[in-house]
Every structure is written in structure tokens, then in C-alpha cells.
Amino acid sequence: MEAEETRARETLLEVSNLDAGYGDLQILTDLEMTVGRGEYVTIVGPNGAGKSTAMKSVFGLTSHMGGTVTFDGTDITQMVPEEIIHHGLGYVPQNDNVFSSLTVRENLEMGAYILDEVPEDALQAVFDRFPILERRQEQKAGTMSGGQQQMLAMGRALMLEPKLLLLDEPSAGLAPDLVADMFDRIDDINDAGTAILMVEQNAKEALRRCDRGYVLVNGKNGYVGSGRDLLDDEEVRQRFLGG
Amino acid sequence: MDGTPALAVKNLRKTFGGITAVDGTSFAVEAGKMTGLIGPNGAGKSTTFNLITGFNRPDSGQVLLNGDDITGKQPYEIADRGLVRTFQIARELEEMTVLENMMLGPQHQSGESLWRAVTPGVRSSVKRDEEKVLERVWEMLDFFDIAHLAEEYAGNLSGGQRKLLELARALMTDPDILLLDEPFAGVNPSLENRLLEHVHELREQGYTFLLVEHDIDLIMENCSRVLVLHQGKLLADGEPAEIKADERVIEAYLGGEVE
Amino acid sequence: MGIADNYSRGRRLLVERPGQALAAVVGVLLVLALFADLAAKLGSGALGVGDVVLLAWRGVVNGLVIGLAGVGLSMTYSILNFANFAHGDYITGGAFVGWAVAWLVAGLGEYDIGSLLSLGLGADVYAPQLGTSIFGAPLALLLGLVAAGVGAIAIALLIDKLVYEPMRGQDGIALLIASIGVAFILRYLIVFVWGTSVTSVADEAGGLRPTVGGVTFSFGYHELTLVVCAVVLMVGVHVLLQRTKLGKAMRAMSDNQDLARVTGIPTERVIKWTWIIGAGLAGVAGYLLILEAGTIAYSRGWILLLLIFAAVILGGIGSVYGAIFGGLVIGLADSMSIIWIPSDFTKAAAFALMILILLFRPSGLFAGRTTA
Amino acid sequence: MSVRDYLDRLTGTGRADTDAGAPGDGAAGTDLGIVVGLMLAVYVVFVAIGVVLGYDTNGIVNALSQVTFLTAVYALVVLALNLHWGYTGLFNIGVAGFMAVGTYTMAMATAAPDARVPGLGLPIWAGIALGMAAAAVIGLVAALPALRLRADYLAIVTIALAEIIRLTYLSSAVQTFTVFGTQLGTGGGSGIGIEADPDTVVVEFLASVPGLNVLFDAFGSVLSGMGVQQSVINNWYYAFVLLVVVVAYYWLLQRIGHSPFGRVLKSIREDEDVARALGKNTRLFKIKSFMVGCSLMGLAGILWFGSYGFINPNTFLPQVTFFVWIALIIGGAGSNTGGVVGAAMFAAVLFELPRYLASIAGDTGGLPSAPPTFARAVGALFDLEPLAFVAYGIDNIGPLRLVLVGVVLIVLMQRRPEGLLGHRKETAASIGLSRPNRSRETTDATAATDGGEEQ
Amino acid sequence: TGGGGGGSDNGSDGEETTTGTDSGGSGDGTTTGSDSGGSGGSASRSEPIRYGVLLPTTGDLASVGKPIRDAATLVGKQLQNADMGGLSVEYQEEDTQTSPQAGISAANSLVNAGVPGICGPASSGVNIQVSKQVFIPNGVVGCSPSSTAPSVTDLEDDGFIFRTAPSDALQGQVMAQVANENLGSSTAATMYVNNDYGQLLSESFVSAFEEAGGSVNNQVSFEKEQSSYTSKLQSALGDEPDLLIVIGYPASGIQIFKDFYADFDASNFDVLLTDGMKDPAMQKQVGNPMENVTGTAPAPVGPAADAFAQLYQEEYSREPGVFNAHAYDASAVLVLANAMAGENSGEKVAEMMPEVANPEGTEVTVENLAEGVQMAANGEPVMYQGASSPVDFDDAGDMASVSYDVWKFAPDSESGIEVSETIDFEK
């Protein structure tokens, strides 16, 4: 994808001046971030920089202290997660992201909880994308391996065919073959038209694949640019990508 | 190699319900070396650790520590014999300070006897022992560069600092063998390099390490020997270069990624 | 689970935990000995068949009350993640509200409202005058039943709003301790309003006394009413949880509350529903308990609470069937152990049974088979 | 300034200003200050209210002795419970049961062989020792299986055990029985008298100790000069004795807490697996902690309920356990000083004060006579006689007081779940953990401050 | 003199009780009592005559305890409204909650407040413990209106413990007599509340009944206020006795009889109750006419029975119930003894108790109580003639002569109780 094309895109998610944290503890200051329709954006940064917090804030899971979050023209700043999900956002948290005592199929059905009925076509689409899930439908999610659980979590978020998918470290803890696999799947999902906002510690790989990247430092915006620009930036390489 | 290995497992097996987590694995770990243990998710690495350290009981098979059978012993007995582990997810004693966490490490402290802890007169010997432990604690904190956090509650540490504390605390037990379960997962690369330096320093002092990691480059660069686990079975065992070239390992674990 | 599976498990148990295996063998022998003793007692005439049936029937009746109330406790336990020590007082609260309404309806126009609502406390009104039995005042009793459920629900929702909502996200122990506070408040407000005396609120309704083979059995109509209501409600809850999304949402929540929110489950609504079902069942159980016993007192629910906990834990927290099954086991143990041990120890026997079972199945009999 | 702020300031709960000073020096001074200050404040409140409302000297002094007694006995049990819950994280809600075992054993050991409920006729000291030992043994019996369970299951098991114990003492089957030819008895529902009741025996003993008796006499004659009854003075003597025992408990538990042993207990509370991985035999530590706590509860039961001279099974209802828990939670689990503060707050402020106020209000008059039932009281409200409703409330201060207890508990859990003094940094070590002076090198962080000057 | 709260001396150190002037009267935060400073009365006493009322208004005995309490306080109310020439009476109440433990605490409050004599406690289980733990050691007079256990007689009480209720040693005999002669039973089972009262009365009945040739199959103890008594009833009735004795309190009785009529064939058994369940409200609550139930209870047949009943009715608009007359008598004697003692000293009051109650002196009854108090205060001999009995104490502090009623429930009568016969005992 070309950088020029990206800029031309219509804005889907817009975070402006966001201050947020936990309880009284502020983590994010003046955060600015946008994702265009169908765009693939990555957030990188040191441990504890506030990457996960940023994702949670978009999804209404933190204490809001200032600023706005707009999604697809709607102000979702003060909304609770169960409302936000109606607007076409999907979220896969960093850890604890499956219902371990429910079966694989039930997990996927929970993904479509807000609908009156389980959308069979969406379910089939998830199964097509992750065949292992179809074979293991009746297995308790908690007994699946780490990588399988990541896929299940992603599958669940896809059940509503979201416009934007928030992924928090989808490759963490995965074996190398699965890491590659995971990135390929995310590319697929993005190609099908879903915008992606992803946090990754596997920064080089992530930046190589995305349209645009943000570097978060100490809860503030650090660097912004196309994935390739950030990869090429000497300072960013030295400070955040381990040389 | 020379004589009995520091640690050996023989035909270790463990099932959970229908799942076979560890399936007749045997391997040995040489003293004074750093050995890597890799394998896909769910291969049984953490379970193997649990079996070795007594947190799970094997269905069958043996664990030998310096030639002694320690199968099925309690974790504290095994730690007593100088085999200590860290957890995959750092487990700090959150409402205890870093100092308290560290002070907990040494084994057989005289003040751990209730009688000595409270009896007037005897207690002064407890204090003397504590002073010795305290001295080592501060040395260790300096060594790990977390002395400035000494008074902090462990629950207030950042992810990387927790990993450091976990390792430092394990070292306070003065072990012969350390089993590290993904000590660098989620740790920022620059911090990771510092940790590794420490580990190598220790290895040179004579400690033995068994290290689980998914970062393949890290394993290859730092370990003198690599074990590959797959579906609970030992798939390969050799020097890093051999492992990298092993077809089965590439297929089962490394995927197309390695150059 | 197949027989072979069980067999191999048994063999492993024998090898790995010889102590436990031995205890299991002793346990089985003990049960056999108890039955042999029962047979001997029946044979020698020291104990009549009618007696045994009466004890068993009382056990079932009590067990169903315990189970019914237990379902509610189990649900709040697993979904809201804390042991609610005020559950017994929801039972009492529902019972008082229900019976006050039943009395009001039964005696409206004849007696003054204050005396009726205070269940005759300090006034010269008694249950037999009002005829509060299922035959004497069926409508009043039915309305009372509904009021008991609704009353307990109202109490539970109000308390959730005031007490637990500001504490969402705190750990289970904090909530548990807060629930002890709630228990104190409820119980002693009830004392403040209705006093501590034991009052007869339900009139006698008689019962079936069939004679089979020279042995007379006795099944009270109120006991039968209780059994029917309890079974209907249990089936109702089962269907509700099976057929609606609510059941699944509850399971998801008891599994992982944060993830449930992210998935779009309206957690607050599920919590409210949990209280509605849990407290509603508790209130109705309390009302039926009083209907069957005939008398009411401020401490009834609290006294029952420990048995309910025993039942829920024995069955496995979070399992509806576990609670029902556990209730029956505890009810029967409490009632029937009198055959073998002095009557002072029956309750102790029920508790001891719970402790024993926990030793072998530390997470209960139906553990893992959660709600619905 | 709220109590909370005050306590925060006194104790430095804030995390910035913790000193690593040796436990027992500076910190102990503040702690003593907190406790003494609190007790004095309570006394002042009681005296002030009494004086303003014209209560007589005897009444006021008696109320103070009652407050002191209750604070002390609650403090004893709370301290013991703190060892279980605050340090080791064992959720024991069978406290009443362990107190029952201690007290009953003592009563049965000291009862005369020819009494209505026959006993062994041992002297009180032997009775106390046996009582503590029995409580510890029952603790062991409970601990062996129960400590394998998760926290809330352990709670249910302990409360069930406490009920089994109570029901056993209640049973007429063991009212009197014979072991090895010796007649013994529990008294069943009729209860058992305590021949050597601690308050009389201990006070008599102390009054006979040369030196002490002069002190006691002097104290007594001052009070009786103020028109205080001898029985009230005796209560004060016993209260003093109890305060000394509280100090002993506190000392013991501080020693346990500030030692490697206590450190292991704390680590079990935080994460038992970690302790096991570090080579600690956690099961043994838990059993020790449980047994010591239980035996301390046994002694507390003896000194508390034993001093009434009579116990019956219903003395040990689960309610008692909950009161103790509430006191612990108010003070803050994990802190021994907090435990004592919680005991004082609960016993004096929550428990005695309302009763005291009500009895004064009832005596002062001006109120109509209380309506006999709630319905009438509400009726009086409709008749615009709110005072009658108030009188009903005062008449029913017993239940209302417990409602208040509930409210306080809830507000506390919402606002300050860790209690008034919870979460203080009470370092679990027998020595101060600051950097030893002879440490060779200083790090960059400290070089500027202390290191720089020394060189 | 201002004989203030110098208090109860055990006599051990023989201190004189003249204390400083500051403690006189004014400090007592009390409402009651007419102004001192006398017209007429020669009593040179400025402090009020004090007595305590220690009866259950909550717990198991709440329903019968409240009317008894009312009868005990009636003395105080009556005298506060009367002109006693400068003397005043003051009473203080505490609740025993029908529990020995709570009773001991409550008794301590009274003693610590300086009350020299106390009417109560009601039940024997509480009375024995309170007497042992509080009254006797503190030298305070206890006079129970309703504690009937035989063991009260044997307390080593240093002369401090009295009662106006008769000992159950007698009631056991009356019960055996009723069982034999009125009901014609030869076998019986007892169900008794698990405390001193139940246990001792059951024993006393059993020995009397067996002596008279009857046999007792089962003696079953039960706990108070359970929600079901079916299994207890089953144990008791297992051997099909002719007669079931139930000894307990109404709060448990309601449930016992509900279960009895629901689960058993009541027509097969006679039931005999004791004073504890002589409560017409219980029968109304149970709903059954309870025709197979007979009871025994100490009879209120004192010389002033009617006068008391009238006074009670005037004050409370209801008829007195069981032990109400006894409570009035106990309080009246306490007040008289206190007046004669001249100060609030337990020891002196104890000494005066038989003095004012037993023969010789001006007859004092419900009607001239105020005068009697004045006379006693002036040191004139008086003889109290009670509502429950003539009130003559024997050496153990028990009633020298008593009578028992044999009663049945009578749902249609106004009082709900019908007395068929009165049996007199003269020791």
C-alpha cells in the first residue's frame, strides 16, 4: 500500500487530546491518534508506555480525564464497551482473551452476543479463516494452546464484522511459525476491508507490514509516520527497536 | 560428557484428562552450562518445569538431580537441594517490599523457626543471621541495578523490573541450577540485553541454567545446547547450529522464518 | 465418562494417594454398615417403615428449600464472585414481606392494617382467625408468594445499588465482608419492625394420610405445595438459563468479567438479572419454608444459611444441579441421620458430611459443570 | 480533619515517607501514641457525654471499665485472628469455635469432681494451659485437611467446624460422661460454671502480691472515695490485667511478624506457590500459624467469657466470630496496631456508645413511653408524635446498634477496604533493612546524599 | 446523712459506708421519685429506695417475660404516684434476653449502678448463673418471680437469694399426681428444653412418677426456637407412651404443637404442660383447640390476688398472666425490705426480706403498699401478704407454702385458660 493513498483515506477513528488512566492515576497525556477506513496502524513503544491503556481507552475501559474519541462520526468518549461494540469496533485484549470454561463454539457465539441470532455466515467466515477452530468447536477454550487461543480471540472479535479491529500484542508468546502465520492472517483481515489498530512488541515485523505507525513514550505521542519511515528512522531504531 | 549430569529426566510423562502434555521425554542438562528449551506453544515446556520442580506429579518417569531421584518430592524439598525455578508469568509478592521479597530467598534461615523467632535471648542469633542475609541482599540489588527500588512494594514495579526481581530473588536461594521460564517475554530489547549479561556472569561463576524462550535468536546466541520439545516429546537435542539446520525442527517450530 | 476411565482413575488413586483411597474404602464400608443397621432396626421393629418414610420425606422437603435457596446463592457466588453472607437474610426478608402481604389480603377489612402487616405482633390477631392456609385463603397465599419473591428482589436490587455497585471490581473477600454488613442491617431491621418473637403465621391445612399395608404415612398439604412450587421453579430456572442468552452470558461473566464487557455483554444488566433470579428464589424459598413450618422468626434464614452454603459447596459452586443435589443431600443427612446418631448431632452430621466430601472433591461434586 | 487523615498522618500510610528504621523503635512509639490517644479520646467522649447528661460518677467509671474490658478482650481475639488472616491469609471464620474449645476445656479441667457438672478439679493455671493446648490441637485437626482448600472454602469449613463444636457442647449426650473412670461433663444446654473464674482468681492473686497490692489498694481507695462501687473497682482491676495480656499478645505477635518466620507467613498470604518454589515448606508454616492463632484464641476465650464465671454453648454463636472480624477489618488486617485500634473502635464506639447513649437518653426523660410495636410507632408518626417513634428507637437500641455496625462495615469496605491502619509498611524482618553501613560501595542513586559526606 | 453509693461491701473489709456529701442524690440521672424534703414522714432518708428489674423482654421468654416485667415495674409506678412522705422509689430495668450470658452482663450493669435488690431473673437457667456470678459475690439480693428449679434452693447464697415462685421439686410431684389421678397414665415420655429449668423439672417429674408406679420411656431434650420439632417428637413418641410431658417456653411450644398436630395422631396421646407454657396466646397461635392438653402451674392465690389483678388491669388494660403476681410480690417485698433497711445496701435488704414478709406486724397488701413502705421506713414491723401467696420465706429463701393450679386451654373463655383445680402444699 502506498503512503499517499493512506492520507487520502476517510478518517474512521479519531483520538484527540486524550487524557486517561486508572482510578486517579493518569497514564495517557494529550494522546492524538487517527485510523482511516480500511487502514492498518501499529503502535509500538517500551514496556509500560501506555499502549494497552490507549487501546482500552478507545474501548471505554479506563477512567476518562479529558479529550475525545470519535468513531465513524460518532463521539464514543463516554460510552461503555457494550455500547461501543454496536458501532463496529472489535477488541482483542492482551491477555485473558478467551472464556476458558466455554467451548470454542460458545466463545464465537459470545462474539455475536449483541445480535438476536448467531450469524451463520459470519461464523462460517471465521471457520474458513481459522480451520482449526472448526475442527475443535466443542473443545473448552482454556485447554487450547496459546496460539490457538489467540486465533479464537481474534475470531470472536470478527463475528460482528467490525469496521475496526483493535489487537493488543496478537503475537505475544507465540512460537515463531505461529507468529508469521498470525501476521499473515491479520493481513488477510485487513485486505478484506477491516481497519486494524495493533499494538506489537515484535515491532520490526509489525512496522514492515502496516500502513502507518505510532511510537508511544511515557503515555505521550512520540513519533508518527508510515511504517517504513519509522523503520528507517535511526533514532527510533536505536531507542525502541533494539538497534 | 564428564560424569553425572546436573539434571536429568527419564521417560517423563504427564497427562491432563485427555491431553498428553509431556509424553515420555528424556534429556540431561550439563553442569555450568546454559541449555535452551524451545518448542511450539503447548509443547509441554512449562509442564516439564512443573514436573521437575515438584509442582506437578509425573504419571511416570524420573527426575534425577545430580544423580539422586527427586521424582514426586515437594517443591520445597527440591528447592532445598539447589534446584530453583522462576515462573513464566512473574509472580511477585505484591504487598511485600522488594527488600522483603529478597530477604525471603535464602533457605533455612534460623529465624524461620517459630521458637527462635520469639524466644528472648535466642532471637539475637536470629538478628545476626538476618544481618548477614541483608548484606547479600543489598549486594544482589546493586548487581541487578534495582537498589533504588528497595523500599518499593513489589506490586508497584513495572513489568521489566518484576522480571529482574524474580531472577534476583531466585538467586538469593543460592541455587546450583536455575530453571527460567520465558524470563524475557514482554521485556523491552535493551533491558533484555542487560539481563542476559547478568545471566552469563552467573554462569561463569558456576551456575547451571535451563532456559525456555521463544526468541530463537536469543536461544541460538546464548545457549551451548538446545533441546526441542514437540507435542510433549523431545524432537531434537544438539548444538545451536545443528538445531537450526534440522529439517524437523524447521517444520515443527521455526516455520519459514529463519534465514 | 466411560467405565474404563473410571477404572483407571480408581487405580491411579490407589497408587498416588493411598491415604485417600483407604479413606474412600472406609467411607464405602461405613455407608454399607449404616444400611445394614437400618435394615436391622427395621427388622427388629425398633424403627417403623412409616418413621423412615416420614424422616425421608422431611429430608426431601427441607432439602428442596435448601436447594431452591441454594440455586440463588450459587449463581451470585459464581457470577458476582463472592460468598453472599446476607443470602439467609434475603430469605427471611422475602418471607416477612410475603407473609405480611398474605395477612393483609386475608384479613383486609376485618382487622386493622397495622396489626396485619406486623403479623399480629402486639395485637390480638392470629393465623387461625385469618385462616391462612392454602384452602382457607388461597388467593392471599398466592399473592403472598409473589410478594415474597418481588420483595426479596426489591431488597436485593436496592442493596446492589447502594452497596455493591460502588464496589464493582473489588475482590471477593471485600464483597464478602460487605455482605456480612448487609446481613446485619437486614436482620436487625427485621427485628426492629417485627421483633424477635416466634409467630405462627400459617394456619394448619392438614394433609394426606394414606395407609399402606398397615403403615400410615403423613404428607402435609403445605409440604406438598412446597414440593410442587420448588420443582416448578427449579425447572423454570433451568429452562430460562437453557433457552435464553442470559444463561450463556452468566457463564461468560463468571468466567471473565472484563472480557464479557468487551464482548458486548451488558454486564450490569446480567448482574441485575442474577440478583433478580437469586433473590427471587431466596424470597420464595423463605416464604415456602414458613408455609411448611407454620411459624416465622427473624433468624430463620440465617440459621438456614450455613446449611445452604454446605449444599452449594458440596454440589460445586456455580452449578444449578449441584445446588439442588447438594440441598437434597444436606436435607436428607440432617433429617435421616437421627436413625443412627443422637438427635442433637444431626446438623453436625450434615456439616461433617460436607467437610468429608470437600476432602475428596475439593471443588464440589458437580464442579466445572456450571450454570445451566 | 477526618479520623482517616489523622491516622494517615500519624502512621505515615502514604507511601513516600516510610522509614526503614528498625521495627520497634520509632514505629512503636507512634503506635503506642495511636492506641493511647484513641483510648483517651474514647474515655473523654464517654465522660463528657455522661457529665453533660448528669450521669453519676459510679455510672461513668463503670462505663469506662466496661469499655476497657471489651476493648481488651476484643483486642486479644483480633490479634490472634490477625495472625491467621492478616499475616498468613487464612480465612478463619470459626473463631468462636476455637474460643469455645479453649474456654470449655478450661472450665471442665477446673470444675470440682463433685460439682453438678463434674470436672478434674485442677488449678486455674493448669486449666488455662490445657485450654490453650486443646484449642491448638483442634486447630491442628482442622488445619490438616482444611488448609488444602481455597480461601472461601476454608472459611465455610471453619465455620461449619465451629458449629459442630458448639452443637457438640450443646448435646445432652455429653452432658456428663466418663473417661478412664473419671467423670467429666460439658453441662449441655445448661452450661457449665467456671469454678476458678479468671477475674476473681487473677485479681485476688495480684492483690496478694506484695507491692502490687499497695498499688491496687491505693487505686481502689481513690475510686471508692469518688463514690465508686467495689464491684466496679474490681472490674477495673481485671481490666488492668487484661491490658497487660494485650501487651503480651501484641509483643508476641510483633515478634512473630517481624521475623523470618513472619516473612514466610506473609509470602504465603501473597502467593503460596512462590514460597514453595523458594524452598519453604508452606504447609508446615501454615499449620504452625494456625495452631498458634487458635491457642491464642482459646486463651482469649478463657479471659473473656471465662470471666463471666459461666459459659454455655450459645455463648459461642457465629455472631461472635463476625464481631471479631468486623473489629479486625475496621483496624486493618495485617497490622497489629490496627487490630488493637479496630478492637477499640468496635467495642467502644460501635458497641458500647449507642447503648450508653440510649441508657442516658432513656434516663433523662422528656420522652413519651415507647410504643410496644413498630406498627404503633409508625402510627404515632402519622399522629405527628415523632417523639414516640424516637422512644421506640431507643427502646430497641439493641437491634439498631447492630444495624449501625452493618452500615459502618459497608461504608468502610467501600471507602477504605484495607481498614484504618491496613497497608502500612510493617517490614517483616527482625532488623531494620536499611543498607548496612559496612556495605562496600554505594550506588549512584545514594552517592549524592549519604555516601558523599562520609568520604 | 447522704448515704450515697458507698456500695455493696462484701463484709470482707468491713468498711463503713458513710461517704462524702458529693455523691448524694443529685448526680443520679434518674427521672423518677418525688421531691425529697419531707412533709410528715419521719423517715430521714434522702436517697430513693432502689430496686432492679432483670427480666427477659427478648429471646425465648419474651412473650411471657414482658407481662412479668410489667408486673414488677407496677410496684414502682404505683409508689411513684403515691404520697409517701418524702420517700421515693426508683427502679431500673435490664433485659436478660433469656440467656445466662446476657443476663450476667445485664445483672452486672444493675449491680454496678448500685441497685441493692433485684426482681429476677425469670428462668432458672439464667437465675442460677446470675445468682452465682453476680448477686452472691456482690452481696445483692435477688428475688426471682418465676425461677422454679429445685437447685435454686441449694445455692450457697449467704442469704441473698429469694424467690416468690415455688420450687419444681413440688411441681414435679403435682405433675405426677395429675398424670396418675387426673389422666390415668401409666407410661410417659418427657420433652424438655435443654437448660436447667427443663432438665431439672423433667428429672423431678420422672422420679415422682416412677415412685408412684409409672414408667418413663424417653426423656428427650430440645433446643429453643427451631423451625421443626418433628424428629424430636418422633424420638419421644416412638414407644407410644400414654402421656407426653412438654417442658419449655411458648416460643418453642408454638412450633412443637404445630408439628405435633400436623405429623402425629394427636388423639392417641395426652399432653401435660408446665407453667412455662401457660400462655393462652400460644394456643391461639397453634390454632388447634388443644383439648388433650393439661397443665400445671403455681397458682396465684395470695390474699391480695384480686386486688392485684384489678390494679394490673387498670394500668395495662389486660389480665395478668403467669407469674405476674409473683413478680409484683417480689418487687413489693424488695421495696419494703429496703425501706426497713434504711439504705441501699444489699446486705441489709437481705436481712430485712423475711422480716417484712413473714408473720408479725401490720398487714401490708397491694392496697396499702405505700403506707406499708412508710411504716417500714420508720422501723415499724410489717407483714406483707401477697398476690401470689402469703409470701412467707423459709430459711432457704423459698416459699413456705404454695398452691398449684391444674389448668387447660379454654379458647372460648376470655382469659383463654381454665383452672380446674388447685392443689395446696404446706411444707
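Lettered A, B, C, D and E in written order, each chain numbered from 1.
Following the convention adopted for this analysis, a residue touches a chain if its C-beta (ideal position, glycine included) is under 8 Å from a C-beta of that chain, and two chains touch if they have at least 3 such contacts.
Keep in mind the model is a prediction, meaning the values are calculated, not measured.
Novice: Determine the set of chains touching chain C that also touch chain D.
Specialist: Shared contacts of chain C and chain D: E.
Novice: With chain centres set to the mean of the C-alpha atoms, which chain is at the far end from chain D?
Specialist: Of all chains, A has its centre farthest from that of chain D.
Novice: Farthest chain from chain B, going by mean C-alpha coordinates, please.
Specialist: So the chain farthest away from chain B turns out to be E.
Novice: Of the chain pairs B-D and A-C, which one is connected by the greater count of C-beta contacts?
Specialist: Result of the comparison of B-D and A-C: B-D.
Novice: So, comparing each chain's Cα centre against the centre of all protein Cα atoms, which one is closest?
Specialist: If one averages C-alpha positions chain by chain, the most central is D.
Novice: Averaged over CA atoms, how far is the centre of chain A from the centre of chain C? Could you give it in whole Å?
Specialist: Chain centroid spacing, chain A to chain C, equals 46 Å.
Novice: Could you work out how far the Cα centre of chain A sits from that of chain D, in whole Å?
Specialist: About 53 Å, centre to centre.
Novice: For chain D and chain E, what's the span in angstrom between their mean Cα positions?
Specialist: 37
Novice: Between chain A and chain E, what's the gap in Å when you average each chain's C-alpha atoms?
Specialist: For chain A versus chain E, the centre distance works out to 80 Å.
Novice: Quick check on chain E: which residues sit in contact with 2+ other chains?
Specialist: 58, 221
Novice: Using the touch definition from the top, which residues of chain C touch two or more other chains?
Specialist: In chain C, residues 195, 344 touch at least two other chains, as defined above.
Novice: For this structure, give each pair of chains that are touching.
Specialist: Applying the touch criterion to every chain pair yields A-B, A-C, B-D, C-D, C-E, D-E.
Novice: What part of chain C is in contact with chain D in the complex they form?
Specialist: Going by the criterion above, the answer is residues 83, 114-115, 117-118, 121-123, 163, 166-167, 170, 172-178, 180-189, 191-195, 306, 309-310, 313, 342, 344-345, 347-348, 351-352, 354-355, 358-359, 362-363.
Novice: Quick one: in the complex, what on chain C touches chain A?
Specialist: Within the complex, chain C contacts chain A at residues 245, 248-249, 251-252, 254-256, 258-267, 368, 370.
Novice: Please output the residues of chain E touching chain D within their complex, sorted ascending.
Specialist: 4-10, 15, 19-20, 22-23, 27-31, 58, 95, 99-101, 104-105, 108-109, 111-114, 125, 129, 132-133, 137-138, 151, 193-196, 199, 221, 223
Novice: Residues of chain B touching chain D in their complex?
Specialist: That would be residues 53, 55, 74-77, 79-80, 84-87, 91-97, 99-100, 103-105, 107, 109-114, 117-118, 123, 126-127, 130-131, 134-135, 137-139, 142, 145, 147-148, 150-151, 153, 169-170, 173 of chain B.
Novice: Touching chain A in the complex: which residues of chain B?
Specialist: Residues 16-17, 19, 39-42, 158-160, 182, 185-193, 214, 216, 252-258 of chain B touch chain A in their complex.
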